[in-house]
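Per-chain residue numbering starts at 1, and chain names A, B, C and D are given in the order in which the chains are listed.
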Amino acid sequence: MSPILLAEQVLNGLQSGVMLFLMAAGLTLIFGVMGLINLAHGSLYMVGAFAAATVAGLTGSFLLALVAALAAAAAAGALVELLVIRRLYAKDHLDQVLATFALILIFSEGTRWLFGSFPLYLDIPEALSGTVTLPGGIAYPAYRLALIGVGVAVALGLWWLNARTRLGIRIRAGENDREMIAALGVDIGKLYTLVFALGAALAGLAGALVGAIQSVQVGMGEPVLILAFVVIVIGGIGSIKGALIGALLVGLTDTLGGVLLPELFKLFTDPASAAASGSAFASMAIYILMAAVLIWRPTGLFGART
Amino acid sequence: MAEPVLATHGLSKAFGALQASDGISIDLRPGEIHAIIGPNGAGKSTLIAQICGALAPDIGRVEFLGRDVTRASTEARAARGLARTFQTSALAMEDTVLQNALLGALGASGRPWRFLARADRDASLRTRAEAALEAVGLADLAELRTAELSHGQRRQLEVAVALTLAPKAFVMDEPMAGLGQEGSKRLTGFLDGLRAQAPILLVEHDMDAVFALADRISVLVYGKVIATGSVEEIRRDPRVRDAYLGEEA
Amino acid sequence: MSVKTLLAAASLVAMAATAQAEVKVGLITTLSGGGASLGIDTRDGFLLAMDAAGRDDVEVIVEDDQRKPDVAVQIADKMIQSDKVDILTGIVWSNLAMAVVPAATAQGKFYLSTNAAPAQLAGKGCNPNYFSVSYQNDNLHEAAGAFAKSEGYSKPFIMAPNYPAGHDSLNGFKRFYGGELAGEVFTQLGQTDYAAELAQIRASGADSIFFFLPGGMGISFLKQYADSGIELPVMGPAFSFDQAILQAVGDAALGVKNGSNWSKDLDVPANATFVSAFEEKYGRLPSLYAAYGYDTANLMLSALDEAEPADADAFRAALKAAEFDSVRGKFSFDTNNHPIQDIYIREVIKEGDIYTNKIVATAIEDRSSAYVADCPMQ
Amino acid sequence: MSRESWLNAALLLALVVVPGWALWADEPFTITLATRAVIFALAAVGLNIALGMGGLVSLGHAVFFGIGGYAMGILASHAQNYTALMEWPFVIEGTKSMPVIWLVAVAASSCAALVIGLLSLRTSGVYFIMITLAFGQMMYFFAISWPAYGGEDGLSIYVRNGFPGLNTLVPIQFYGICLVWLCIALLLYARLMRSPFGLALNAARQVPARVRAVGLDPRRLQLVALVISGGITGLAGALFADLNRFVSPSMLSWQMSGEIMVFVIIGGVARLFGPVAGAGFYVLLEHLLGGVSEFWQIFLGLFLLAVVLFGKGGLVGMIAGRRRDG
C-alpha cells in the first residue's frame, strides 16, 4: 500500500471520526449535565436528515436544508425533553433505557408513517461537488473536506461555549452540583431543555451532513448511535475532549482496520477468503479497541476517576 | 504496653491542591476507645476511608493486627476483622432489619456461595444476627423493612451489622449523628461496654460522648494530628483550644 | 424416525385441506421497518394479478415479517397450523427464506419464491415443492460478469457486503467474467461510508467497477462514488437500480449498467399490460419485485386451473409446466425448479423527472443456474 | 396468600389452561404462540437475575440468547450433515439430542457471560449499559460476516431435535418441555432470592459499600449473577432455535436485547413472575396489534412510555401492588 493511499485513508478515518464526534458530543453533554442515557439520540440524527431532505427537495438550497435540520432536531429534542425526558432525570438508568427505547420505536415508525418506506433524496451542494487535489496528489472530495472543517469548527465552538460563555459556566456547574446551580438562581428546567436541544441539534446537523452522501432512510440512526456509545465509553462519559479523541480513534480504527486487515490476511490465504475473513475481523476492531481501553482505564481516557 | 491493633504511619492524601491527610500516625490499642475529633473539613472522613480501604493513600501505611494492609481491599480488611459503621447509614433499605443483620453474619461466615439454601433458616447465621440485634435492642423489629425504621433505629442497626462481624476492631464514623440527647446517651452506654469486646476508633462530633467514652483523643486539623492524649491532656492543650475548642467557647 | 413421522403428519394435513373448496395462499413479506418498500411492491404485484384474475376461490393472506427471521417463522407456523394455507410465497430476503422454506416444504407445503433464491435451495437443498419464479440469486451477478467480459474489461474492481449473498454475488460475477481482477473487497453489512473503498478503487488501477450493495448501502455508495472524481464504467445487479431506489440516488446512477431479467421496457405483450395496470392502480412505476410478485401469482393461477394443491403431484406438474404469460416472455423451469430465462443488461436513464432503466443488451440467453447439477431432482 | 401470590398462581394456571384449550379446540398455532411466550419468559427470567437481583442493566443479553441458539444450530447442523464438529485433537460429533444441546448452550453462554462480565464489571452504571450493548453488537457483526455457519442466512435445521421418550414435533409436547424449563427457572429464581447468595447480591445492588464493609466483594457477586443469568438466557436461546428450527444473527441483534429487557420491565423488575407476565403480554400484543396496523410499534412505544412514566413496578406491580418479600 502506497503512502499516498494510506494518507488518504487516514483522512477518511478522520472524516468519519469527526462526524461521530457530533453525535457523541451531544450524548456525552446530555449525560454529563443531566445524568441521562439517551438511546433515542440516533432518532434525532434521523430527524435532521429527513428535515434536510424535505427542505432541500422543496427549495433546492442545501444551506436552508442545514438550517432546517438544526431547527427540526432542536425542536424535536426540546419537545421530547419537555414531554418525556424531564420526567426521567430522577429515575434510574433502567427506566431511562426503556423510555428512550420506546422513543426510538415511536420516532422510527412515526417517520415511516409520515414519509413512507422509501429512502429520500438528498445531495451535496453544487459548490462542494467534485474533488480537490491535496499536497501529495491526493484527489479528495471537497465535500468530505468540508465535513472535516465543520467538525473542527463545532469542536472549537463547543470548547468556546464551555469555557467562555455564561451558558458554559452553568453547564459546568450543573455537572458538578445540581443543587448549587439551582441556588444560584438559574432556572434548571430551562437549562436542561436548552442542553438537550443543543445535543439534539448537533445530532441533527450530523444527520443532515452525512445524509447528503448516504441514504436518508428510517433506522439510519441506530448504527451510528451504537458507534457513538463506543466513542464515549472510550473517551470517558461526560467529557467533550474524550468524545473528540474517542471519535477520532474509532473513526481511524474502523477505516484503517477495514483496509489493512484484509491486506494482512492476504499474506496467509487467497484474496477472496482473505477479503472475507479480514473484513469479519475488521468489524470487531473498534470493540476490541474499546475492551482494551477498558482494561487499561475502566472509566475511559478522560472519564472521572472514582 | 500492648501492641496496637490498628495503626497508621504517616498517611498522606492530597486532592489536587488540598492536603486532606498530612502524615497522620495514630494507633488503636486493645481495650481502648480512641476518639478522633476535629472541625469540619479536617480530613476525618478521608482518614477513615484510608483506614478501611475505600481510598488509597499517596504515602504512608496502614497496619492491622501487625500486618501491612495498605494495599488490601476493603473486603479483605473486613474479612480480617475490621468493622466499620457509616456516617450516613449504608443499609439495604428494601430488605428487613433481620436481613441486614444476616448480611453481616454472612460476611463473617465468608460463605456467600450458597445458592439454594435459605439464608434465614441457616441456624448459625441466624443466631449471630439475632444476637447482634438483641444487643442493640432491635430484636423486636427484626421483620420490619429497614426503610421504615426511624433515624435512630437505623444508627442502631449500623452498629448491629458491625457487631455481627465479631471484629477485632471497630471504626465508627459519627455513630451519634442526629441521635438526639436520649439516643446518644443510650448509645454511649452501649459503646462503653463494647470496648471490652474490641477497641473502637471513634470519629465523633458529640463532645459529651467523646469526653465520656474516650481513653485517648486525637485532634485533627487541616489533615494533621495536632495533639494526642488523654481527655484531660486534650482539654488543657492550648493548641487544641486555639484551633478547635476555642471557637466553641 | 422423525422424518417419517413428519411426512405422515404432512399427508394428514394435506387430506384435511381437500375438504375445503377454497385454496389459501399465505404471502409473507416485509411491510414495516427497513426494506419495507421491497415487500410492498411484492405484495402489490401479486395482488394485481389476483385482482385481474378475479377468482374468488383463492384467498390470499398477507402478513408482515418485519424482516425478522423468527417473525417469519412464526407467521409461517401460523399460516400452516391455523390458517391451513396450501401455498406460501412472498419472502424478499434470503435469510428469511432459509428460515421458512425448508420447514414449510418438509411439511408438504408449496413455496413459490417471489425473490430470494439462495444457492442451497437451488443445489443440494432443492425440493420438489419449492419453485423460484424470480431467478437464482447468482443470475443477475452472472449477467454483469458476462457483460464485463463482452465489453472487454480487463481489470474490474468488485465489491459486496460480507455476508452469504455477497459472497454468492462475487462468485457469480467471477463465474462469467473469468479474467483478472483489480481488487476484491468485502464491506460490512449495513456500511454507510465507502470512502475507504473508493480510495482503494482509485489506487487499484481498475478499468471498471462491479458492486452489489442492496438497499441503503447502494444509495450511499453511488452518491459517494459520483462525488469521488472516479470515472469508470459501473456495473451491478438490478437490485441497486430499482425503481424505488433510483429516485433517492438521483443523477449519480445515470449510465450505470445493471444485470436484470426484467425491465419495464421489455417488449412482451404481457409486460405492457402489467406495467400500465400497475401504474394505473398504484400511481407509480412497478419495480422488479412487483414484476416477480405478478409473475408468481400468474404461475400459481395457471397451475390452479389444472389441479388442486391437495393433489400435490398434479399441482406440482402443472407448476413445472409454467403455462402462463410471463412478463419476461420466455420462461421455463429447469430440473431444480429454478427458471431458465434470458438475462439482460439495463442502463439507468432519466425519463422526464423519473429515473428508470432501459434494456441495452442481452447478457446471457437461456440461463439456468450454477447449482443444477447438485440438485438430486433430475 | 398475598395478591401477588394469587396473580402468580393465575399466571401459572394460564400457562397450563391456554395450551390445553388450544389442544382441545385444535388450534395448534396458539400452542406455538404460547411456546414463544414461555421461551421469551425463560430468557427474561435469566435477565431478571442480573437486572432485578443484581441491578445490572445489561443491554447485551441477546449475546447469550444467540449463543444458546447457535449452540443448537451448530451441533444439529453437523449431525444433520454427518460431519464432525471438530476432528483435532479429538473428534467431536454433532448431535440432535436436546439434553446435550442444552448442556452445551448453558456452558457456552455462561462462559461468554464470564468473559463479558470480567470486562464490563470493571465499570458500572451507564458504562455497563453501553459496554454490554457494544459487545452485543460485536458478536452480531461477527456472526453475520463469519461464513462458516451461514453468516446472515443463519442455519436451518430441518427437523426439530429429539428428547428421549417424547415426540418433540408435536407442538404440545415441545411446549411441555419449555414449560418445565420455565418452572425450573422460576423455582431457581425463588430459591436464589432467599439464599445467602441472593441476600448478598440484593445488598450489593442497593449498597455496595456495605457489602464490602462486611467482607464480601460485590463485583464478584454480580459476576456470578451474570454467569447464572447468561446461562439461563442461553438455554432459552437453544429452545427458541428449536422452536423455529432455525438460528440466525438476528437472535444476537441489539433489538433482541431490548426486547428481552422490555419483557422484564413491562412485567415487573425483580418480581418472580414479572418476566412471565411481560413476555406473555408482549407476544399477545405483537400478535393482536400486528394484525391491526403496520405501525403497531408506535403503540408499543407509547405503551412502554406509559409503563415507565406512570406504572411503577410493571404489570405485576400494577395488579399486585408494592413488593413484599417473605
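Assume a contact is a pair of C-beta atoms (placed from the backbone, for glycine too) under 8 Å apart; a residue touches a chain by one contact, two chains touch by 3 or more.
Not measured: the values here are computed from a predicted model.
The minimal number of chain-to-chain contact steps leading from chain A to chain B is 2. Among the other chains, the CA centroid farthest from that of chain C is the one of B. Centres computed as Cα averages put chain A at a distance of 36 Å from chain C.
Averaged C-alpha coordinates put the centre of chain B at 43 Å from the centre of chain D.
Distance between chain centres (mean CA atoms), chain A to chain D: 32 Å.
Under the contact definition stated at the top, the residues of chain D that touch 2 or more other chains are 141, 144-145, 147, 295, 297. For chain A, residues that reach two or more other chains under the stated contact definition are 108-109, 112, 276, 279-280, 283.
The multi-chain contact residues of chain B, meaning those touching 2 or more other chains, do not exist; every residue touches at most one other chain.
Pairwise, the chains that make contact are A-C, A-D, B-D, C-D.
Chain C contributes residues 1-3, 5-6, 9, 31-32, 36, 63-64, 68-70, 73-74, 77-78, 81-82, 94-95, 98-99, 102-103, 106, 118, 120, 162-165, 167, 186, 188-189 to its touches with chain D in the complex. The touching residues of chain B, when paired with chain D in their complex, are 52-54, 73-76, 78-79, 83-84, 86, 90-96, 99-100, 102-104, 106-108, 110-120, 122, 125, 143, 161, 164-165. Within the complex formed with chain C, the chain D residues making contact are 27-30, 32-33, 36, 141, 144-145, 147, 150-154, 156, 158-160, 162, 167, 169, 171, 240, 244-246, 248, 250-251, 290-291, 294-295, 297.
Residue ranges of chain D in contact with chain B, taken from their complex: 191-192, 194-200, 202-203, 206-207, 209-217, 221, 224, 228, 323, 325-326. The touching residues of chain A, when paired with chain C in their complex, are 1-2, 4-5, 8-9, 12-13, 15-16, 108-109, 112, 116-121, 123-124, 129-131, 139, 141, 143-144, 210, 212-220, 223, 255, 258-259, 262, 271-272, 275-276, 278-280, 282-283.
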